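What follows is chain A paired twice: with chain B in the first complex and chain C in the second.
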Partner chain A sequence: MIRRYGVVFALLALCLVAALFVPGFLALGNLTTILLHVSVNAILALGMTFVIVTGGIDLSVGSLVGFAGVLTAAALTSTGTLDAVGVGGATLLALLVGTGTGAAVGAANGALTAYGRIAPFVVTLATMTIARGAARLVTGGVPIGFPAEGDPAFAQKSAALDALHAIGGGRIPVPGLERGFPMPALIMLALVAAGAFVLTRTRFGRYVYAIGGNEEAARLSGVPVQGVKLGAYAISGGCAGLAAILLVGQLKSGGPDAGLLYELNAIAAAVIGGASLLGGVGTAWGALVGALLIGVLNNGLDLLGVQSFWQEIAKGAIILFAVTFDVWTKRGGGDHHA
Partner chain B sequence: MRKPLVLLLAAAALVSGGACGKRRAGGRPLVGVTLLTEAHVFYQDLKRGMQQAADSLGLDLQIVAGEWDLARQTSQVDNFINQRVDAIVVAPVNSNGIVSAIEEANRAKIPVFTADIASDGGAVVAHVASDNRQGGRLLGAYVAKRLGGGGNVVILDQPTVNSVRDRVAGFREALTAFPNIRVLASPAVERGIRDVAKQKMDNLLATGQKIDAVFGTNDDCALGALAAIQAAGRTGMIVVGYDATPEARTAIAQGTALVADAVQDPVTIGRRTIEAVAARLRGEPVPPVVPVPVGLVERDSLPR
Partner chain C sequence: MQTDRKRRREKQVAGVHCRVSLLALSAVTKRYPGVTALDAVDFTVEAGVVHAVVGENGAGKSTLLKLVAGAERPDAGEIRWDGAPVTFASPRDALRRGITVIYQELALVPNLGADANIFLGMERAHGGVLQADAMRAAAAKALGELGLFIDPAQPVARLSVAQRQLVELARALVRDARLVALDEPTATLTAHEVAHLATQIDRLTTKGIAVVFVSHRLDEVRRLASRITVLRDGRRVWTGATIEVDEAALIRHMVGRDVAYQRHPAGRAPHSAPVLEVQGLTRSPAFYDVSFSLRPGEIVGMAGLVGAGRSEVARALAGIEPWAAGAVSLSGTPYRPRSPREAIDRGLAYLPEDRQRDGLVLRFTVRENVTLPVLRRFAARGQIRREDEIRGARAAATAVDLRPAPPDIERPTVQLSGGNQQKVVVAKWLLTDARIIVFDEPTRGVDVGAKVDLHRQIRSLADLGKAVLLISSELPELLALADRVLVMRAGRVAGELAGEALSAERVMALAVEAQ
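Moving on to the complex of A and B:
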């Protein structure tokens, strides 16, 4: 029990400590806000889990949040699109551009890794740099989004941003919850559930674990290794695209520097949630729990007004603790495909 | 993994029932402050000025920082709204992306103030900042005077930062009166940090072009440029910086290539911000923009 659910207990323990020492932590409004704040990282960690389970790594997701984000914001607020297809059409286009960009770059990562046989660390390190540079190139370094005063299309652009804000920052009215339940948190929960289904209930999911467990054995038993790997990276990229859409929606702005270093937070969440960088181990719900653990920690320390330097130290300590705990409980083998 | 998660949510729902709407003890107003970063001398001074004013005016501050991450800063504003603070002060990570967070605070009817960097939208009670355009003009005029009205100038720019855009605009504005001064290059220095600035400057020096003056848009840029110039053993160049941090003052006093700095007054910006907050909480009128003048520091104006 403790071996399988160690991280959940760690999360519960952290919540208990926060409840005791952080005023305002347990307010329902605060707890739902935590879900909002972790949504981007949890979605990235979900995609990352697919890749890590195959034994790979995806360093490009943070930059991809920036790149897909600026393209999403550009598609949403371009006067051309708004004139041609209106606010609804532009919103739809923005959604397609965001996910499409993410999935396409992800698929390219997968193709280079699987068919080009280049180490994923190197491939995604390269695409991380390219995507960040492209995001800055497209925008000239200036965020795209909230229109300047006096912009002739001010009303239209604001309406388009409001439309995407309903997805990325919207609140669903819930009785007893003053500010409502955040839309991105709902999307996050749905995606994690879908990810868990794919990983545990589909042939593709079983192949993902098989490749990470023993790639050669998987190949010999007829698993289409290259295709499955490409799929895993495309999923990771697609998740980055979705996260970018939520971020642009929430902030009403696509910044070229958005998502800086988010890949490390995503890897941290996946690893805290039990994914092994050696491959073959990791779960969708684990990624969510890992992201929640980081989110609760950030929230609690922010509510206490703790200096950001201490927060960084605390986050690193938690990662070390989680991984050490994991190694310690797993020593002696058994139960690897949790 | 699913069962424990349900248990966890159930437990959270159970305990949260009675915990809503806590009230602060003492009745002192609480002001939530989120800075761009704490890892910078400027913001440490700004923070000190805020704390000084808050102590003398009887306000409590809760100070956090977005550390260059807009999503993080937005989440900190969210936290302030949940905590029902009496006022929110933001030194935004960027002007465009902070709008939605400010609108969120507007909806919660919490007065918002910006310090140092303005917001592109949302309702802000007052913006307190240096007059950066004036500061840029001051440095531009100074450089033109030192170069005798002619020469090549490099700007170590940070085009994503609004306050820097104002500085550079003012700097270029002052130079337009001197047709023989040419801006040779204006590379962007990522996050305005010193080692990046040094690398940019190293590369410019390596091109062998004649460079007469460098404008570092903050002191890390200026000191990075200075390090590159010293490492290359180049003479006959001047550097001007912005902020007059202790390190920059030392470099100026020692007679290095760094000859002058625009000096902002972050402590005063911090003070004025909290004074504006206090005035508003007392129901007094507050001007929408509170400019804090920028000065010039050169060798003669420093104590030896």
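Moving on to the complex of A and C:
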């Protein structure tokens, strides 16, 4: 019980402490802000969980947020596409380019890991570097997005950016919520629910756990190990692409340095949420809870005016605590097993 | 330290003359869950003498070696070292007292040189800085004494198995070992390498070092050892001088007379055509020119020593590893699976030897394990239909008598006993509706009750018309279940026995190279 819901209890306890000691924490507006702020990390952590459960790791997602982001912004604001397909078409194209880029690079990670039998740490370390370099190459180092004053296509480009902003920065009106419910948070919740469904209710999800639990037994049972691994990395990359779209929409620009070190936050959230780097263990909702725990901590310390340096230290301490707790409960529970 | 060593040497030399036991195990017993690996075994080794330990697979040889090495402690009985009772706290403790055990899977760090390996854990250093040159010279000298002239700095990964063995022996020499135990040292050596090793073992004994030699190869045992102990089912059945015993007598001791299981009636005459035909299957160096056939409703046993290539043949047929030459046909059409998936789809199920490593996802529940190979059947457009899955898993678990009844299919398999785990593996493959089922050591480490259940299930699978290939190192099990038995030796089918000709002695004789 404690083991299964330990992180949830930790999150509730942290919220309770914050509610008692942090003025303004419990305001609905603040709570929705937390959801908005964690949405990108939670989506990355969700994809990361698929990979971690297979026993792998994906270091490339942060750079992928940058790379997929600049391509999204480029597709969205290219004069050629806007002229050809209009604002609606360009927005749709941008969505496809963003998720497609992410999923494609993720699939490449998976192929190199599964078929090339290269350690995932090395593969994704390489693609992390390549994707960041490519993002800077494509943009020349400056963000793509808001048109310059006097751009002949200024109105069109602004309209396209506004269209994507409806997704990345939009608010859904909710009675009682002054500023509405943030669109990215809604997308995050939908994705986590979909991820949970895939992991627990589908054949693919079962295979993901089987591979992480015992790859050899899975292979001997006829599980298509390589294909499933490829799929897990593609999902992680696809999540990075979606996160990139939300960021571009939110900021109305795609910067080459966007998503720097996001992979580490995603790994932290997945691990805090109960995923084991040894594979076989982890849940979609856990990834969300892990991301929320980090988000609530940051938000509370922000509201208290604590230096961001302290926030980093606190986050590190929580990771250590989560992993120690995990090892400790496992040792306690493992004694009476054969 | 130096004088201590010298004193030890003197005592050692004295030991050679008056034949005092260097190591004496008296009435040692070692139990593991569900099995008594050693039952009140006596075993003594004298300085300067080669004492061989022989027995079938599972007779307790490895356990005995583990006790000597300090890797395990006996549940009962006493160990005396150099005349005084001892308890080895750890392998390091045994090592410190002068006992070196050389296992079949050599304990060398492949990327380090012979010198670094020889001095591993006892490096010579000045204030933490390694004296590399001194160690290299000492390593070269020790290796030279054993007739191995190599650059001690090159990684041992580049050495042959025989050379690596000598590196381990050199390690024992550098450590001033007084007892060296070798586990199946000749299993993977060529005849020439065996001869060289034999010379080196002789040389060790002239230095007063005691040698324990565990082997299946009776001819080598008789050539090298002056004393032999035979173990069977965890008991010591015979100890004596090599000159007192011939090979046939040794085999009789190893096999024993009692057959523990009731022989199942073999009254089914399989008239139908073979469902699997294997012709000249070869993959050097694992197996060569293996041919046999399986008919529906028939249990064919596969006997042989560990390393004879039985599992390798089975794994090749199961699509896990390829084969280089030969032809297989399944139900009359050519069969060459490139993956386990393909083998399963063609109707061949393989139940691996090491169920914890290969057979089960231990974290998974019984249900999740049982349905893994056939999840497709319980899913519609990728989504698992939970009710169907539960129904299927429950039926399979009930069919294999998973205890306690009714079976709890939501229990993680890690919590089950060895016997129940094996039943889960069987249940898993029952669901695949395979026509050919290959069991690899299905009852190893399983308690007696579960063993009886499993035997009944194997029999009833054959009665249902499945073709069963049963690999087992337990002769009574093969004799009780199999309609005929293929005996493998060194990667080849050494013979096939059936009917009157099928006896434990005949199987053992074919398996251990007794001509």
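Assorted remarks:
Heads up, the rule we're going with is that the second predicted complex is superposed on the first by the 331 of 338 C-alpha atoms of A that agree within 3 Å, B and C clash if a C-alpha of one lies under 4 Å from a C-alpha of the other, contacts with A are read in each partner's own complex, and residues count from 1 in each chain.
In this text, contacts are C-beta pairs under 8 Å (C-beta built on N, C-alpha and C of every residue); 3 or more make two chains touch, one makes a residue touch a chain.
From a predicted model like this one, the values you see are computed outputs, not experimental measurements.
Steric overlap between chain B and chain C is absent once the structures are superposed on chain A; the two fit side by side.
Set against each other, chain B and chain C touch different numbers of residues in chain A, with B touching more. Look at A:V22: by the touch rule set out above, it reaches neither chain B nor chain C. In the superposition on chain A, A:G280 contacts chain C only, with no contact to chain B. Of the two partner chains placed around the shared chain by superposition, chain B is the only one that A:A258 touches, whereas chain C remains out of contact.
Looking at the shared chain after the overlay, A:L303 reaches chain B, while chain C stays out of its contact range. In the superposition on chain A, A:L96 contacts neither chain B nor chain C. Least inter-chain distance for chain B and chain C in the combined superposition, rounded to the nearest angstrom, is 18, based on C-alpha atoms.
Shared interface residues of chain A (contacting chain B in one complex, chain C in the other): 338. The residues of chain C lying in touch with chain A in their complex are 33, 318, 320, 339-341, 343-345, 350, 352, 357-364, 368, 372-373, 375-376, 379, 382-384, 386, 414-418, 428. If you check the complex, the residues on chain A that touch chain C are 201-204, 206-207, 209-210, 213-214, 216-224, 280-281, 336-338. Only residues 4-5, 8, 11-12, 15, 19, 23-31, 33, 36-37, 40, 140-146, 148, 165, 169, 179, 196, 247, 250-253, 255-258, 260, 283-286, 288-289, 298-299, 302-303, 305-309, 338 of chain A touch chain B when the two sit together in their complex. Contact residues on chain B toward chain A in their complex (touch as defined above): 1-2, 4-5, 8, 11-13, 15-16, 19-22, 37-39, 61-65, 67-72, 74-76, 78-79, 81-83, 94, 96-97, 99-101, 104, 108, 120-121, 159-160, 188.
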